[in-house]
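Below: one structure in C-alpha cells.
First chain written, first letter: the chains are A, B and C, and each begins at residue 1.
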Amino acid sequence: MADNRADNIFEVSDLRVDVADMTRKPLFGPAPRLEILKGISFTIPRGAVLGIVGGSGSGKTTLGRTMVRLAEPSGGRMLFDGHDIAHLSDAAMRPLRPRIQMIFQDPLSSLNPRLTVGRTVAAPLNARANDPRVGEALEHVGLPANFARRYPHELSGGQRQRVGIARAIAMRPEFILADEIVSGLDVSSQAQVLMLLEKLVAELGLTLAFISHDLSVIRRLCSRVIVLRSGEIVEDAATVDLFERPQHAYTRELLDAIPTPDPSVRW
Amino acid sequence: MSGFLEIRGLSARLAGTGQRLLRSVDISLPAGSVRGLVGESGAGKSMIGKAVLGVLPKAVEVIEGEILLDGQDLQKVSPAERRRLIGAKAALIPQDPLTALNPSRRIGPQITDRLVDILGWTKARAATRALEVLAEVSIPEPERIMRLYPHELSGGMRQRILIASAFAAEPKLIVADEPTTALDVTVQKQILKLISELQARHGTALLFVTHDLGVVSKVCDTLSVLYAGKVVEDTTVERFFAAPQHGYSSALLAATPRHTDPSSSLKPVPREVLDAVAAEVAASDAAWRPSGGARG
Amino acid sequence: MLDGRGSIRRRSGARLWLSAAWLTVFVLAALLAPLISPHDPLAQDLMLGRLPPAWIAGAEPGYWLGTDSLGRDVLSRIIHGARIALVVALIAGTATCLLGSVLGLVAGFYRGWADRLISRLVDIWMAFPPVLFAILLIAVLGTGLTSVILAIVIIDWTRFCRVVRAETLNQSKMDYVHSAKVAGFTRLRTLATEILPNVLPTIIALLTLEMGIAVIVEAILSFVNLSISTDQPTWGGMIAEGRTSIHQAWWVLVFPLIALFLTVLSFAQFGDGLRERFDPVLR
C-alpha cells in the first residue's frame, strides 16, 4: 500500500487565486479580478508539519481554502497524493474529501448553531451522537464527554475551538489544514492540543499544514516554515534556519514583535 | 480607591442546572488603567465581560453582587437606562469576530450605525470617524474595506474592524475579549500601542481578556487570575511576573512558551496544581452563603 | 455590535400557551361543528330576526350571540365558519410555505441560473398589486374553495421565497457550511442537514403568519362575494352581511370580526412562541 502513495502529500506549483473585485465593478461588464495569491509553490512531504506564517490579510486562509478546494485556483497546479485536484469538480473531489480536512479560523461560525456538539462531531463519520468515537475525540481535546449534548453558543471560545479540532481528528484524515487553531486557547489547553497533534503525526503519519501567528508554537511544532506576504512566499526555510538566520526583513520584523513575558520591557 | 468599573462579589450560575459560573468576583478598574483577565479556557472570563456589558446569555443568571459603572449600580437601574448608560460609556470587542458582524451588510454602516444611533452623530461625521479609526488599526484602503461584506475580509481584518468600531466612539470603558488572537505579532504590537495611547489620551479604562502572558506584561497594569469563576489572584503585573503568589499563577507562568528558547517544551499546568486549586474552590463554595435573596 | 442574542429576554410562556389555547378552541370548533353548534347555521326564522346576545335585554334563551336579520344563530354560524377558515389556513398556508420555501432554498443555496430564474420570477410577480391579482385570478378560476386556496398560493409564495432565499444566502456564508463541504457532504445533504435547521425557525414563523393571512384573504374574498357559495357560512361573508345592519344589530358584525382577529393574532403569536420555546439558540 505504501508503494503507490506519493512521497509528497501536497505539491503546489505556481498557485494563483483571484476574486472578483466588486468594489471596482463598472456599471456594465464584469468586475476586475483581484489577485490574492500570486504564484505560490511549495511541497509538503508525507508526515511533515508545515508552518504557514504571514501578516494579516497576506492570503494564508485563502491558501488553505484553496488546498481543501473550497476555492478554485485560477492558475497553477496542486497535486494531492499525486492527483491534480486544482480543477476537480465537486463530485470528483468528494471521494478525496475524508482524507483532507480543515479546521477553521473562526470557531463559532464553523459550528452549526442548531446542532449539538455530539452531532457536529458525529455527522462527518455518518455516526450517531453517542458513537464512542465522538466521546473519544472530545476527550482527546480535553472536553468532558457530557459536552456532546451542548450547543455551540453554550461553550466558551476555547471550548468551541476544541470542538472544531475534535471534529477534524475524529475523521482520521491524512492531511489537516489547521487555520489558527490554538490562538484562542490558554497555554495549558494549547499544550494538550499540540501534544495530541504531535502524537497523531508520529503515530498515524498525519500531515499538517499549520497556519499560526504564534511563532513559539511554530518553532515547537513545525519542521518547515513558509512566510507569506501579500500573496507571495517571501521565505521558505527549515524552522531552525528561519529562527536562527531569518533572511527576509519581514521575517525579522515578525520575530521582533513577539511579546516576551517580561514587564520590564514595555512598548 | 473607587474605580470607573467596580465589580463586587459577583456570582452567577446556570439557570437550568444551578452550576456556578462566577464565584464572588471582585474587580476594580480605575479610569486610565488596564486590567488583564487570564485563566484557562472556560474559566468565565467572557462571562465577566458580558455581565459588565449587560449581555449575559439567557441561561445565565446573576445570583448576587453589584456592577458599578462610573459609580452607578447597573443592576439597580431600568433595562432601558442600563442600555443607554452602557451604550454611552462602554464598548465590547467580542471574542468571535465573524459572528459579531452581520453577514448581509457592508462593513461601513456596521461601524457608523452605532455612532449615529447611540451618540446621535451625523452620518458624515460618523463616516469620517470610521475611516480614521480604520486607518489607526492599519486597515489598508479603508474606503474600499468599508464597502466589503464581512466574509470578504481576512480573520485579522474582521477582528480589527471590531476593535476600530469599539474605539470609534471613544468610550470610557472597553472590554476587550481576546482582541488580538487573529492578528499577527506586528499588527498586534501596533494595536496594543494604540490601546495604550488611547487610554493615556482619554483616560479609558480597559478590561483585557487574554491567554497571552506576553501581551499582559506589555499592556496591563493589574491582573486577575481566574479559575473556575473564582479570582485566585489579584495583583499588579510587576509583582505577578516577579513572584506570583498563588500556585496556579506560577504554573501558568511556567507553562508560557518562549520563542527565544528552542528547547522550551510544552508543559500543561500540572495535575497536582489543578487539583489543589479545584479543592480550594470547592472549600470556598462550601463556606459560601448567598447574602441577601437570589436575584434574577 | 453586541451579540443580539443576549438581549432577547422576553418570557415566551404566556403568549405561547394563550395562543395555543385559542387555536385549540378554533380547531375543535371546526372539527366538531355539527356536534357542538346549538342551531343549524342555515336555519332561517324571520320571527327570531336580529335577536341581541344573551346578556342584553330582549334576548331569547339559547341564542348566545344573538341572530342575524334572517334569524340565523350567530354563534352557530361562527362555529361553522371556522371550518372554512381552518381548511384555508392549513391547506393554503402549507402549500404556500412548501412552494415558496423550496424555491427560496434552491435559489439561495445553489445560486447560478436557478437563482436568476427564481429571483426574476419573484420580481415580476411582486409587481402585481395582490388584491387585484386575487380578484383577477378568481374571475379566471371561478369561485369556490379550491380557487380561493389556489389564489392564495399563487399570490403569496413570493413572500416565503424572498425571505427564505435571503436567510439561506446568509447561512451559506457561514463556515459551518464550508466545513460540511470539506467533510464530504453532498450538496443536498448540506442543504437538508446543515442549512435547513437554521432556516426552519424563519420558515415556521412565516408559516404561522401565512396561516393567519390566508384566513384574512379568504374573509376578504368572501366579503366581496368572490369566495365560497353564499349558502355556506364564512366569517368574511358574515362580516359583509353584518355591515349592512351595523346600526340595528352590531353583534352580527362584531363577533365574527373578533373570531377572525383572535385567530389571526394567535397564529402569529404561536409561531413566535414556538420559536422561543424550541429553538436551541434562543432558548
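Here, contacts are C-beta pairs under 8 Å (C-beta built on N, C-alpha and C of every residue); 3 or more make two chains touch, one makes a residue touch a chain.
As the structure is a computational prediction, the values presented were derived from the model and not from experiment.
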item: Arrangement of touching chains [line / ring / star / complete / other]; value: complete
item: Selected interface, A-C versus A-B, where C-beta contact pairs are more numerous; value: A-B
item: Chain centre separation in whole Å, for chain C relative to chain A (CA means); value: 49
item: Inter-chain centre distance, chain A versus chain B - centres from mean C-alpha coordinates, in Å; value: 27
item: Interface hub residues of chain A, defined as touching at least two other chains; value: 106, 109, 153
item: Multi-chain contact sites of chain C, meaning residues that touch two or more partners; value: 5, 174-175
item: Multi-chain contact residues (two or more partners), chain B; value: 57, 59, 98-99
item: Chain C - residues contacting chain B, complex; value: 1-3, 5-9, 166, 169-170, 173-175, 282-283
item: Residues on chain A engaged by chain B in the complex (per definition of touch); value: 19, 22-23, 53-57, 60-62, 105-109, 153-160, 162, 179-180, 183-192, 194-195, 213, 215-217, 219-220, 240, 243, 253-255, 257-263, 265-267
item: Chain B - residues contacting chain A, complex; value: 38-43, 45-46, 57, 59, 95-99, 140, 144, 147-148, 152-158, 160, 177-178, 181-189, 192-193, 196, 211-219, 237-238, 241, 252-253, 255-260, 262, 264-269
item: Chain C-touching residues of chain A, taken from the complex the two chains share; value: 65, 68, 70, 90, 94, 97-98, 100-102, 104, 106, 109-115, 123-124, 151, 153, 164, 167, 171
item: Chain A-touching residues of chain C, taken from the complex the two chains share; value: 5, 174-176, 178-187, 193-194, 197-198, 279-281
